[in-house]
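Labels run A, B, C and D following the written order; every chain starts at residue 1.
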Amino acid sequence: MVEREQKIIGVIGQGRDCSSELLKKAEEVGWHIAQQGAILICGGLGGVMEAASRGAKKSGGKTIGVLPGDDKKTANRYIDIPIVTGMGEARNIIIVRSADALIAVGGRFGTLSEIAFGLAFEKSIVGLQTWENLENMIYRETAEEAVSTVIKMLALEYL
Amino acid sequence: MVEREQKIIGVIGQGRDCSSELLKKAEEVGWHIAQQGAILICGGLGGVMEAASRGAKKSGGKTIGVLPGDDKKTANRYIDIPIVTGMGEARNIIIVRSADALIAVGGRFGTLSEIAFGLAFEKSIVGLQTWENLENMIYRETAEEAVSTVIKMLALEYL
Amino acid sequence: MVEREQKIIGVIGQGRDCSSELLKKAEEVGWHIAQQGAILICGGLGGVMEAASRGAKKSGGKTIGVLPGDDKKTANRYIDIPIVTGMGEARNIIIVRSADALIAVGGRFGTLSEIAFGLAFEKSIVGLQTWENLENMIYRETAEEAVSTVIKMLALEYL
Amino acid sequence: MVEREQKIIGVIGQGRDCSSELLKKAEEVGWHIAQQGAILICGGLGGVMEAASRGAKKSGGKTIGVLPGDDKKTANRYIDIPIVTGMGEARNIIIVRSADALIAVGGRFGTLSEIAFGLAFEKSIVGLQTWENLENMIYRETAEEAVSTVIKMLALEYL
């Protein structure tokens, strides 16, 4: 029997046109997620997704990439487990549903769709340099704060 | 051969807890869509979806409902063509992709996910009493203005 | 209020490498579906799907095409209402769920997946020159017989 | 950087009404998959899925369950990583696409849909007491033979 004590944290954010500052933050988010013993789930592609995955792997963590296309080779090279959907943006919903909590790092309209689903499904979501002024979303300044906030929120949920 | 001159306009908005004012607006939106000779597509359930469908039927129009569940009986009674997905909220993407343009009437997080996909896919979207301050979204005050704006935007796209 | 008396009949079958005999049968199936006053739903692309849609339009019927890709222009020119999913083969399930009954004409593995879902969802399915020896599937030789069988089965379901 | 040397093997089969012989075979299949160092992916529910997952865990392996519903608690207790889709049977496609190769153990129409997608996507599939006489599918008698055949086929693909 599986204990399933490992939490799954989703990282959502843009796949391209990222500033180096944003990529640094995403990598730190991934690093801290792994440090906390959680599994990272993301969209499996480039930009924020790749940086976060790299951070998690540098810290010895596990990464899941839920891909929109039909070829696992499209996963970035820091993904341990590629989930191949072939369903385009519908895969965004799978990331949100599979994550115990979410961290949004930057992001455009695709990320906004994920935030919206996350809030609709009543998941804890912490935002870093992302869509602002959304009710029920918590904003933090640093990657470390974002991850520790998410971990605390999950601990409260499972009390 | 089909001429496919009929445009398909999506109406997105909340399925419950609607004020009577919002329902009135939604019904007017549906009425004007049908008056313009366009087909209405929506999520097929209650609230804004039902009111807009009722408006379209009162005006002699056609309605498509893209349902999240697996039973066409869940469609409201103003839906001509129920599309049964069994895919939950993933059906939101199908509404957005199938619509030539969209009108958001009220709405919560589910609607925000649809707006986000609409903007991601570069669809024209007009908002009525809905999520504010979104770039590339056009806001109007009345149902008639919302529909006439959408029709003009589509005419420009197809010039 | 919609009476929704029009049944929706799904036509499933291969999109390419069709013999002229198979295409003729598919076109006849579409023609008879429209003659019976039913709406045709299919995958919206070429081959059997296009031939059946053409038959339905020649007979003055209505056609819905549930597309795998993200562009409605991929619909064949006999589709009145393109439903754009962007979800690849997951759209097969939507065709099956939305149809009141199904007719399989020829077909390969994609069609077999649709037959399997149809049988799983306990839909009436009639086969013409298609996957053989499947329990609960009814086989017919001509398009006219296939359509009249489906219509009778639906009448029984709704008694 | 991930080496991703671990193959992912899908196990498909019915979720209920399994004979004890079938469950025994499914458990052996899971056991041998883990012995070969591969990850098991399945639909995450009961019957064949649960038995195979149990076998993999007994052998120290890793298991992924791609769930149709919207609650990870529906996963059987031998699933390490629940992927929560909320997309009903559309999740069958994700299992097939994510697996490097598949083993069908028993199964009804849902399993037939997965076999059909597997063959459509040109995946290697080995069958044990399942749908018969399908071209391009390989049949074996024992769990050990089924797994060793799948492993050999994958080795050939990656030569």
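Criterion: contacts are C-beta pairs under 8 Å (C-beta built on N, C-alpha and C of every residue); 3 or more make two chains touch, one makes a residue touch a chain.
Quick caveat, the model's predicted, so the values are computed rather than measured.
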item: Touching subunit C and also subunit D, the following chains; value: A, B
item: Equivalent interface to C-D, taken from A-B, A-C or B-C so that over half of the residue contact pairs match; value: A-B
item: Chain pair showing more contacts of the two, B-D and A-D; value: A-D
item: Geometric centre distance via CA averages, subunit D-subunit B, whole Å; value: 40
item: Whole-Å gap between the CA centroids of subunit A and subunit D; value: 27
item: Sites on subunit D at which at least two other chains make contact; value: 70, 86-90, 93
item: Subunit B-facing residues of subunit A, complex; value: 87-90, 93, 108-110, 112-113, 116-117, 119-120, 133
item: Subunit C-facing residues of subunit B, complex; value: 1-2, 4, 8, 39, 57, 63-64, 66, 70, 72, 77-87, 90, 93-94, 97-98, 121
item: Touching residues (chain side subunit B, partner subunit D) in the complex; value: 70, 86-90
